[in-house]
Amino acid sequence: MVNDPTLNLLVAKTSDLFGNAIEKNVREPLRYLINWGRLYSLWPVHLETACCSIEFGAASGPRHDLERFGMLEAFGSLRQCDVLVVQGTVTRKMAPRMKWVYEQMPEPKWVIAMGACAISGGLYVDSYNVLQGVDKIVPVDVYIPGCPPRPETLIQGIIELQNKIRKSKV
Amino acid sequence: MIETFEEFVKRILALLFWFILLSPLIIFPILFLLVPIFGIDVTTVNEILTASIDPIKALKLVEELGLGPSSTFFKVVAFPGFTFAALVATITILYERKLIAKTQLRVGPLYAGRFEGFLQPIADLFKLLGKELIVPEKADKAFFWAAPILSLALGASLLAVIPLSPTIYIARSDFSLLIPFAIIGFSPLVVLIAAWASSNKFAFIGGLRALHQLAAYEIPMLISILGVVVLTGSFDLMEIVEAQKNMWFIIPQFLGAIIFYITILSELERVPFDLPEAETEIVSGWLTEYTGMHFGLLQLGVYIKFYVLALLFTLLFLGGWNGPAFLPPVVWLLTKLFFVISLIIFPRAVLPRLRLDQLIRIGWAWLIALSFINLFIAVIESSLGVI
Amino acid sequence: MPKKTKIETALIESLKKKFNTTIKEEYVKPNRIKFSTTSDNFRNLAQAVKELGFDQVISQGGTDYPDNNEFRVEYHIICVSIKKFRSIIFSLMTTIPKDKPEIETLIDIWPSAEFHEQETFENFGITFINHPRMEKLLLPEDWDDIPPLRKDFHLPGRG
Amino acid sequence: MPNSVMNVVDQGGDRLVLHVGPQHPGSGHFRIIVTVDGDYIVDAKPDPGYVHRGAEKMAEYRDYIQNIPHLERPVIIDASGVTLPYVLAAEKIIGVEPPVRAEYIRMIMAELNRIISHLYWLAIYGIFLGHSTMFMWPMGDRELFIDLAESIGGTRVTFSYIVPGGVRNDIPINFKERALKTFDYFEKRIKEYEKIFFNNPLMAARTEGIGVLKKDDAIRLGITGSNLRASGVDSDTRKDEPYCMYKKVDFDIPTRQEGDSYARCVVRLRELQQSMNIIKQVFDLIEPGPVKQVLGGVMRGEPGEAFVRTEAARGTMFYHIVSDGDKIPYRVKISVPSFRNLIGMSHLLIGSRLADMPAIYWSLDYWPVEADR
């Protein structure tokens, strides 16, 4: 055993240096690369819960064109999807199905709560059949207010989600 | 924290700089230890040092290792083999998305990679690499894993005998036209394995549709290329291309080219024959249960098949690498190839999907009859000495 | 009050001739005719209206009157095939006691009433006898509260 | 479970039970449980209710003005079409008459909404048949009409514009010029739609003779709107029982005799042209004046009832409002066209092929949110 404090310090410093170098030069670029891939390739699940779906449709139309951000419109199977856009009110009948859809999606996955109804129940807050906020059953990353949100607002929300992914750990 | 693309590029450049600076200190001593083990004919250490800054010498060294551009390994792995095919497949994916978007008055991918979203397929690839792989509980696990690998293997093995120019090819065979079609014959099997192993109803229906479709369209596909064989009297792609020096076969074999084009669309499950993946009917068809890189491999396999079939169309009907001499043959080939790829992509923008019974009726009733007529035309032309 | 037109008068007269006093004319306005009858006689009235040519149920619903302890069941019938009747909406109404909320279904007379009756069943708990699908349609499968459109069902937080 | 729809399970054998929805690219907010034998559908059970928000119950807790926003949400594509009959019924109960100019503006709004709704339908029908360009083009052109409606109503889709006593505000000054410009452009586009979609032989092969709804069946099952007109019945509430100022304008009711999916498509395409035609005539008829009758205090209805129907984008929209003299309605019964057309779906699906399901389903223009309310 070496008990010399100077030597110990040297070993510690060197390992710190190497650790930092690896952190800075290997893991960070790698993390950036993976996150970069994820944020430009958000495929939404086709789960329409209520009336906000028409503004989602309008956002994938030519004027707003979500594909600019790498979102593929109307992608088929939820097994290949990354983001669950809750398009409006979630009713008591839809809620278990939506949770099921969320559980079947592969990790990593994100949830966008689109519209006032998905955030808190919105206009239908006192209805007997409406879930007051989708965050009671699935974790939500980005809330997009509006009733319904304009496509521009939806795009803003997607950019917020991209910013969130960009800063997230891998 | 790296947060922007520029920072990332800067960091990578800095890393490269330090690597080049430090490599003589760390890597070369190791190299000197390793050289005797490989038994390379290097007389002096100095040669390695010069090679590290002189590309011509480096190339020679690599060739001595058996990895040079003329070596089999390089041909299979890089050019004109797998890497090149995968690159073309990636470009095809991007090209398809941009072309379709422009037809639909949109811009398509725009922000991934600063310029016109040209890094979009790479982003998709990185995304798929980092995704969780889900194997359904009730799936047949062995086959579920096997299908993506089989799909890619099938695509890759198609590349073996197809030449890109008189000098660029992996292997030469007298039957280089038949071999790809023999391999393509396995693709229904791969689809069926993928569909059956998923143990999903939609996948199963998709698999059965694919089986019907591929079986119905393989026969007219084979018969339609027989016309070319009759005209040249050879199954060798090299000779077929050489025979088109004066006239491309699309002129005497116009009907055959059209039948071959239609069967390509069907074989690749493109619109209007994309029934096995018809989203609004059966979710994603036989791809329904595949996640992450499984899905990526299946798609890559399909797109490599896309490349091969477009290449075959170019070689058989568009004169392959023949063209005015001011450009190298392989450039001519690639130009024609991308024209054919556009042709295959474009129906997606203007046609709806067919129904299974209509598709099978077209296949069995029309295309087979037409392909036989085409064969007769070829026989007559050959007896008249058109070519 | 605007005048009744000829068509409506003719319709009312023909119905009145058939049923005498068993049916009650609630009101007749331009394009709107409303009759009520007892729940036993309701089917006969419906049959007669159908024979006049009124062939589509545009709406079917109930209303809860807790003070009288009864439900009103109302069918709104329009005519599509005969051009001169197209402007008229026929409203047939009956009341059934809340203790025994049962009435015979009319889907053999008007098949278009099928989903409407199903909806009235789940919203009020009114059973339509002989209806093939007396089950939940819009409400969640696990709904175990009282039917929501009854007046004694209160929205959460709205007392 | 009490609901027998949930109990449909695979019995083994040749038949396969497919649950299409609620998460399915071809279903929307709705589930249909189909049993297939080979490629043919032998049984189809619709399972709506995924967007049932209890609008009828909520309407019993809000006064006549407050009801408008939540009643238009279910038919968000056709927001004016769904609020117009409600407002007409509420006006009968409250006892107000809107100014003439407001009636014309209501017509403009209703017809604009019909165009917006039909274009959305056309877009989804394109993608349902696998024709992605036909999704994008109508979606893009729809934005132009949304711009027009937005300049009147203030929002993109949920206007809450038609209120008891008139409309909220007057139309902008240069609206006529802008609208005519858009119509000129769109009439050219309709020709392009015909070229790429309606006259496309593959599209015809997919829809002609598919989902044939005979005239007798259509009447018997209570089918309404464009679906009824495609089966050869020229019934349109705007002609049968004219409301607003529809008796002053001259327009055709497009009908087809075939009753198949293709006929339903073509009828809707012709209706687009008729709607533009109506708006153009309204521009000539409309005269300056007030657009709203100012009502003081809370609106109270007379005890009584009113039932009103209008022709919304999908068919006849029917409201039955019962009032007991309070400021809130006693009962609001909404009968929406989608709900009435739902019965036709299983009728048409049984016996057809699985691949024809999207072609039949969306040709009925069934909007699940509207049906569930």
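By letter and in written order, the chains are A, B, C and D; residue numbering begins at 1 in each of them.
The rule we apply is simple: a contact is a pair of C-beta atoms (placed from the backbone, for glycine too) under 8 Å apart; a residue touches a chain by one contact, two chains touch by 3 or more.
The shown structure was predicted, so the numbers you read here are calculated from the model rather than taken from an experiment.
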Between subunit A and subunit B, which partner chains are common? D
Could you tell me which chain lies farthest from subunit C when each chain's centre is the average position of its Cα atoms? B
Count the C-beta contact pairs for A-C and for C-D, then tell me which is higher. C-D
Between subunit B and subunit D, the Cα-mean centres are separated in Å by 46
On a C-alpha centroid basis, what's the spacing between subunit B and subunit C, in Å? 66
Taking the mean of the CA coordinates per chain, how far is subunit C from subunit D in Å? 24
Residue numbers of subunit A (touch at least two other chains): 62, 74-76, 91, 93, 126-129
In subunit B, residues with contacts to at least two other chains: 104-106, 279, 283
In subunit D, residues with contacts to at least two other chains: 24-25, 49, 52, 54, 57-58, 61, 127, 135-137, 140
Going by the touch definition at the top, which pairs of chains touch each other? A-B, A-C, A-D, B-D, C-D
Please name which positions on subunit D make contact with subunit C in the complex. 1-6, 48-49, 52, 54, 56-58, 61, 219-222, 224, 228, 233, 235, 240-241, 307, 309, 316, 318, 320, 322, 330-331, 333, 335, 339-340, 342-343, 372-373
Mind listing the subunit D positions that touch subunit B in their complex? 16, 18, 24-26, 39, 126-137, 140, 196-197, 200, 202-203, 205-206, 353-358
Within their complex, subunit D touches subunit A through residues 22-25, 28-29, 49-54, 57-58, 61, 69-70, 73-74, 76-77, 120, 123-124, 127, 135-137, 139-140, 142-143, 146, 156-158, 369
Per the touch rule above, subunit A residues touching subunit C in the complex are 91-93, 126-129
Under the definition above, what is the set of subunit B residues touching subunit D in their complex? 100, 103-106, 201-202, 205, 271-272, 274-275, 278-283, 348-358
